[in-house]
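Each of the next two complexes has subunit A plus one other chain: subunit B in the first, subunit C in the second.
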Partner chain A sequence: MKTLTEEVVEMVIKALEAQKSSSNEKREGPSLNIKFSEYSEIGVLNPRNRDSIVRAQAITPARIGIGRAGTRMRTSSYLRFRIDHAAAQDAVRKDVNEEILKQFNLPILKTIAADMDTYLMNLDAGRKLSDCSAEWLEKNIEKGNQVQILVCDGLSSSAVESNMPDLLPALIQGLKLKNITVAPPLFIKRSRVWVQDHVASIVNCDLIISLIGERPGLATAESLSAYMVYRPNEKTVEADRTVISNIHKGGLSPVEAGAYLSDLLAKMLISKCSGVQFSQKRYLETN
Partner chain B sequence: MERNEQIISAGIDIGTSTTKLILSRFTLMNTAGSSHVPRIEIIDKEIIYKSSIYRTPLLNETLIDMKSVLGLVEQEYKKAGVRPQDIQTGAVIITGETATKQNAEEMLHLLSEQAGEFLVATAGPDLEGIIAGKGSGAFQRSKETGQTIANIDIGGGTANIAVYQAGLLRGTCTLNIGGRLIEFDNDRVKNISPPVRKLLMQLGITLATGDGVSFDFIRPVTEAMARILVHILQRKMTRDDEVLLLGHPPDWKVPIDQIMFSGGVSECIYGHEPSSDSYADIGVHLAKALQDNPELQDWEWIPPAETVRATVLGAGTQTTHISGATIQVDPARLPLKNLPVYQIGMDRNLEDGSQKVKNAIQQAIQVYDPALEGKNFVLYLTDLPFLRFRDVQQLGNWLIDAYRLQPNQTNPIVIVLQDDLAKVLGQTLLAMQSDRDVICIDQILVEQGDYLDIGNKLQSEVVPVVIKTLAFHS
Partner chain C sequence: MNWSIQLKNRHFQFSSLKEVLAKSSEEKTGDKLAGISAVSSLERMAAKVVLSEIQLKTFFENPVIPYETDEVTRVIYDDLNQTIYREIREWTVGELREYILSHQTGLQELSRISQGLTSEVISGVAKLMSSIDLVMASQKMRFQARCNTIIGEERRLAFRCQPNHPNDDPEGILYSLKEGLSYGSGDAVIGINPNIDTVESVSRLLHMTHEFMEKWKIPTQNCVLAHITTQIEALKKGVPISLMFQSLAGTQKGNEAFGLSKSLLDEGFELMKRYGTATGPNLMYFETGQGSEVSLDAHLGVDMQTLESRTYGFAKHWKPFMVNNVSGFIGPETLYDGRQMIRADLEDLFMGKMHGLPMGIAPTYTNHMYADQNDQEMAGMLTTLAGANFYMGVPGGDDVMLNYQDTSFHDDASLRELFGLRPLREFEKWLERMGIMENGKLTEIAGDLSIFD
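For the complex of A and B:
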C-alpha cells in the first residue's frame, strides 16, 4: 500500500504537470477533484500492545495512536490534518453542485445574502428569503401541506451533496407510509436554520424541517443536521426547535436518519409541538 | 428530560436438586445526547428478590411435579409483590438431570407462558454452562482481565463447563459429575445414576442400592470425577474418561489460565448461603475431592460471585439484550419465540445480491422448515456495504421476492441487521406493499444456528431480545 506522503507527492506532481501543459492555452488550471484514501494508520513505532491501539482507534475518529517524529507530528499525520482542514474549508466555501439539485427537482431559492462573504459575516442575511424568492414561493408553492422539507447548504455544501440524495427519499418514503402530506422540497442557497420560519409563514405548513449542512470539523466535513419546528411565528426561539445531528456516513447513516425523522415528525404532528415542549409532552405521556 | 424506563426481569432455574428464582429491576437509559438519535442501554441491574433454595419437586423418578413448581413460583411472586404480567423479560432454565425428565419440555413451556409477559424457555447443557459462567462472574472477570477462565458449574446432576477468554466464549463441555449422582437414605445407598454405574464398573467396584454407605466407594468415585475433570480442562481426554462425558468433547482451543467453581457443589467449598441444607448424597465428598486433587491446584482458583445461584442469576440478569432504538416492528406480532437464525454475509458488496438472498432463504427453509410446515426463522444480514437509498430499495425487492418461497405467507418477515439500518429497511419493505407483517430490528449480535426470542416493544421503543446459543462453533 502507498503511504499518504507518497500519495500526496504523486498528486502534486500530476497537478503541476497538468498546469504546465495547459498554461500555454489557458491561464486557469484544471479543477482537481482529489480523493485521498481513508485508512487510519498506526504511527507508533514498535508498539508494545498493537491490539489496544487498533481497538482504541476503532471507537473514535480522533487522531490517536499516530506516533510522533521527535517532538512533532509525523509528516503523514501533518498531511492528513491539512487534507481534512482543506476539506472543511471547501465544504463552507463551495456551492452545492446544481446537477444534484436538478436530479431531485429542487427549486433553488436564495436568501438576502448576495455573496459568500456577506453570508458568513452577517448572520441575519441567511435567515430571510430574498424578495424575488419569497415572491416566487408565494406564487408557485403548494400550500397547506402537513410537512415542508427544506434542503439548506448552511455551512457545508459537502454535507448536502453526500447525504441529501439518500436522506430525502428515505424521509419522503417514511412520511408517505404514514399518509402525511408533504409539499415538494425546496433548496435554499446560503441559508441558515431560521430561514425555515420565513418559509413556513408563506407555505402555511404544520411542520417544517430543514436538512442543513453543519459547521465542518476535522473529523468530517460531511455532517448534516435536521432542524424541525411546529408552526413557527415571531415568538419562536431556539428551544422550540428539535434537532437531530450527526447524519453522515460515519455517524447515523442518511437512509436510517430519513426513516427515523419520518417517525419523529409523525409524533410531532400528533403532539402539535416541537423542541423542549415536545420532549416534555413525550415524557409526560410515557410516564 | 426523559425519565429512565425500568423493567422487571425474572430468572427461574429448575435443577436436578434445587429450584430457585430471582427478580431484578433493569434500568434503561438513553445514553445519546439530546440532539442525537436515541441509544438505549441497560445501565443498572438491581436484584430485588431472591427466593429460598427449594428442593425440586418431583412426582417420581421420571416426572417433575409441575403443579408444585407452578405453585412455588406463584407463591414467590406473591412474596415479592409482583404479578406475572409485570415480568417483561427473563429466562426459565431447566438444568442437569431434570432436563431429561419426561415432562421437562412441557414444564418449561408452561412456565414461560404463565410466569411472565416475555419469559424465555432455555435448556441444553451448553447453554447451562454459558449462563452459569455469566452468573458466577467468570465472564465478567475474563472480560476485565483478558484472562482465560473456565467456569465449572457443578450441581446435582451435571458439571457444565464454559470457557471465556477476554469476554469471548471459547468453548463448552458437560460431564456427568454432580452431587446427586449417588443418593443415600440414612446409611444406605438409595440410588445410583446410570453414568456412575458405568464408572463403578470401570473402577472395578461393585455397588448396589441398599448397600451400606462407605468411603470405600465414595472416595474412588469422587476422586475419579476430579481426575476426569482435570483431563477435560487440560484437553487430554482419554478413552476411559468418556464414561462421564455428556455430549461433545471439550471444544476450546486455548489453554486455561484460571478456574472458577459455581453451582451447588461449590457451595460446599465457599459457603455463601446462610444455612446450608444437608443433602443425602455425595455432594460434600465431591467438593472435598476437588479441593484435594493436586493437579487442580495448578490453576489459580477464583472464588465465584455466586455459588448455587449462579445459573439462576445468569438466567435472570444476563440473557436479555436490547435492540437498537430505530427499528420497525409490528407490535401485534410480538413476542416471537424460539426462532432459529439463518445468516447471510454480504461481503461488503451487493454484487449477485439477488441470488445470494434467494439462496439464503431457500437454504433457511430447507434447514429450518424441511417439511414445509410453515416454521419461521430469522434472517440475519451482516457485512453490508454502505447503503444508498437505491441499494436499500434493491435489497428490499430481493427480500420480498425471496420470501415468496416460504410456504406460510401469513408469517411475519423477521430480519435482524448487524448495522443500524432496521428502520429504513423495515419501512422500505412496508412501502413495497407486500402483505406480510415486518419485524426488522438491529444492533444485535447473533450467530448462525442461535435461537432468538423477541419481546414486546418497550416504552423506549426498543425490544428485549434473548439469544440462545445452542450450537457453538469457533
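For the complex of A and C:
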C-alpha cells in the first residue's frame, strides 16, 4: 500500500513529465502568423471628423488619436507603447553585435566601466580607456593623422548597428576625397563622449569625431550623434565640441550624414577649432 | 561636531550634520555617485538613529551650506519665522516625526510649525519615515493657490496639458492640446516645453495658446517652459503669459548652472504682477527634482533629498501656483530604478507640502533607467492617495520632444476616476459645457480631438 505522500509525489512527477513531453512535441494544427502594425492607427471610435485625426497623426509623432477603453489605452496602442519601450531598453543594455564590428575591422577597445551597471551609474567610468586598451592603442595605432574616427555604443547599441553600414563608408570616403588623412576607426565599448579626449591625447590627431548612440526615446532607439572636437586638452569644455544629432533613417539619414560630416570636418581643419568658436567664425564669414 | 553610536556590536561615527543626513538617506545611486552615501545597511540605520536624537536647533545653528556663501541658504533663513522656530527648537527630529503623525496634529498645526522649520530638518524627518508614514502625513496637508483658477481644493485633481512637438510645430502642438483637453487634461496649465528657446519662437507659442483659450473660453493658464530670461523678454514685448516657469536647484552653484539667481526670479515675479495676464496672486510655476545638483556637479557634499528640500525652501519665497517634482527625469546615475523613483516621489511630495507648497508630481522614467510603466503607474496612484495637487498629461505617456515617459491623458482620467476626484471647479463647468464630462465622468465624445474642429 502506498502512503498518501507517495501517491501525491507520483502524481506530481507524472504531471511534470506530461508537461515536458507536450512542450517538446511538435504542435499539430495550423500555425498562426500574427500580424501587428507597429505604426499608430486611428483608435477613436466614431470621431466627429476622421480627416482631422488623419492630419493630426501625420503632423506630429505624439501618440494621439489613439482612442480609449474606458479611461485606459486600447490594447494595440498599449502594446505598441510597451514594444517601443522594450526596444529602447534593449538598445541601452545589449552589446553591439560583434559581426558588424568585424565587418569594418574595428578594433574593440574598452573603458574602465567593467559592467553595464558601473557604466550607467558612474559617468566617469565611461570617459577613460582601460589601462589595457590605452596600452594597446599606444603600440598599435597610426599616430599623427588629421582625423580619428571613434565608434561608441553610448546609450544605444541599436544606433551603432543600424547606422554604421552606411555612415562609416560615406564618412571615410568623403574625407579621403578631400585628401584628409584618416586613422583606422576604433570601437569603444561602454563609452561616453568625453572618452574622445583620452583617445586624442594618445593618437595625436587634429580632429576627433565620436559616432555615439543617443539615449533612446520611444519614437526611435536608433538615433546617433556625432561629437567633434579640435585638439582637446584638460581645459576643454562642452562648448568646445560641435554636435550633430538625430542621425537615423527617419532623421538625418546615415549616408547624408557621412557627406555632411566630412564637409564639416574639412572646414574645422581649416579653421583649426570646433564648438562655439567654430560656429562664430563661420557666422562671421557668411555675414 | 561629531556623533558616535554602538549598534549590533559595531561602532559608527559621524563627523558632520551633512554626513548624518547623507548616510541616513534611503539608498539612491546619485548619493553613491557623489561618494556620500552609507557604505552598509547598518551604517544607514546608525545614521538614522543619530538623526532621530538631534535637536532642531542643531540644524538651525549649522546649515549644511553656509549662509555667507549660498543664496539658497540665505533665502531659507531670511524667510523663517523666528518665534515659531523658538517654540520648537528643543525638539528632536524623532519627536518631530511623532508630532507630524499624531492624531492631534492636523493641517493648522502643520502649517504653523512649517514656518519655523529649516529645509534640512524637513529632509531629516522624511528620512525617518516609511512609505505609509509619508503618505499619511502628506494626506493631512493641502495647499491652495490661485492664478486664473484655484488649484488644490479638496476632492479635486488637476493636470498640466503638455502638448510638446519635436520641432515646436504649432499645428502639431495644437492637435496634442485638443486631444488633452478632450480627456479633461489642462486645468492646471497648458504648458509647452519649447525645443527652440528664442523670444520669437516662444512668443508664437504663447500667442497661439492664449488665442485658443480665448476662442474656446477655457478657464486655465498658459505657459511656455523656456528659460526665465526668454520669458521676461517676451513679457516686456507684451506677449500674453499667465504663468512664468523656471527650473530650480538647491544650491546657489546649481542655480548658477541654470543661469539663475534670486534677483532674476524677483524681476520675473515683479514683471508678472505688472504685465502678466492672470488674476494671481500666484504667478510662478517651478520644476524641481532629486539629482539635478549631482548632474551639475553642484551638490557640495549634500545628499540629493536634502538639496531637494532646500529647493522647496527657496521656491516658497515666490509663492508659486505650482511646484512640479520631476525626480526620475535624469537617469540611473541619480535614481537607479522604479523603487528609488517611487521613494523619491513620496519623499518629495511630503517635503514640498511641509514647506506649505501647492505640490504636484511627475512620476517619470527614462529609457536607460531600470523602471517601466508599471512602476510609474504605482507612483501615480500612491502620490494621488497622498494628495498631490496635479500631474502632467502627455499624449500616450510618451514625450516626443524631451524623450522620456510621464503620466498620459489616459492616466490622468484614470487617477480622477480611481479616487473619485473632479477637475478644478471652473474647468469642470467648461468640460460640462463642451459635453466632455457629466457628473464627474467622461462622456462618449471624450478622447476625440476633432470635437474642436
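What we mean here is this: the second predicted complex is superposed on the first by the 250 of 287 C-alpha atoms of A that agree within 3 Å, B and C clash if a C-alpha of one lies under 4 Å from a C-alpha of the other, contacts with A are read in each partner's own complex, and residues count from 1 in each chain.
One rule holds in what follows: a contact is a pair of C-beta atoms (placed from the backbone, for glycine too) under 8 Å apart; a residue touches a chain by one contact, two chains touch by 3 or more.
Note that the structure is predicted; figures quoted are calculated from it, not measured.
On the shared subunit subunit A, the superposed partners subunit B and subunit C are arranged side by side without overlap. When both complexes are overlaid on chain A, the residue A:Gly217 reaches subunit C alone and has no touch with subunit B. Of the two partner chains, subunit C is the only one touched by A:Met121; subunit B is not. Set side by side, subunit B and subunit C differ in how many residues of subunit A they touch, and the one touching more is C. Contacts of A:Gln103 after superposition on the shared chain: neither subunit B nor subunit C is touched.
When the shared chain is aligned, subunit C comes close enough to touch A:Arg82, but subunit B does not. By the touch criterion defined above, A:Pro169 reaches subunit B but does not reach subunit C. In the superposition on chain A, contact is made by A:Met73 with subunit C only, not with subunit B. Of the two partner chains, subunit C is the only one that A:Ile53 touches; subunit B does not reach it. Put simply, subunit B and subunit C get as close as 6 Å, counting only Cα atoms, in the superposed view. Residue ranges of subunit A in contact with subunit B, taken from their complex: 165-166, 169-170, 173-174, 176-177, 225, 243-246, 249, 252-260, 262-263, 276, 279-280, 282-283, 286-287. Contact residues of subunit C toward subunit A in the complex are 29, 32-33, 163-166, 169, 171-173, 175-176, 178-179, 183, 331-333, 336, 366-368, 372-373, 395-398, 400, 403-405, 408, 410, 413-414, 417, 442, 445-451, 453. Interface residues of subunit A, counted against subunit C in their complex, comprise 44, 47-50, 52-53, 55-56, 59-68, 71-73, 77, 81-82, 84-85, 88-89, 91-92, 120-123, 155, 215-219, 221. Taken in their complex, subunit B has these residues touching subunit A: 1-3, 5, 34-37, 326, 328, 386-389, 392, 419-424, 426-428, 430-431, 459.
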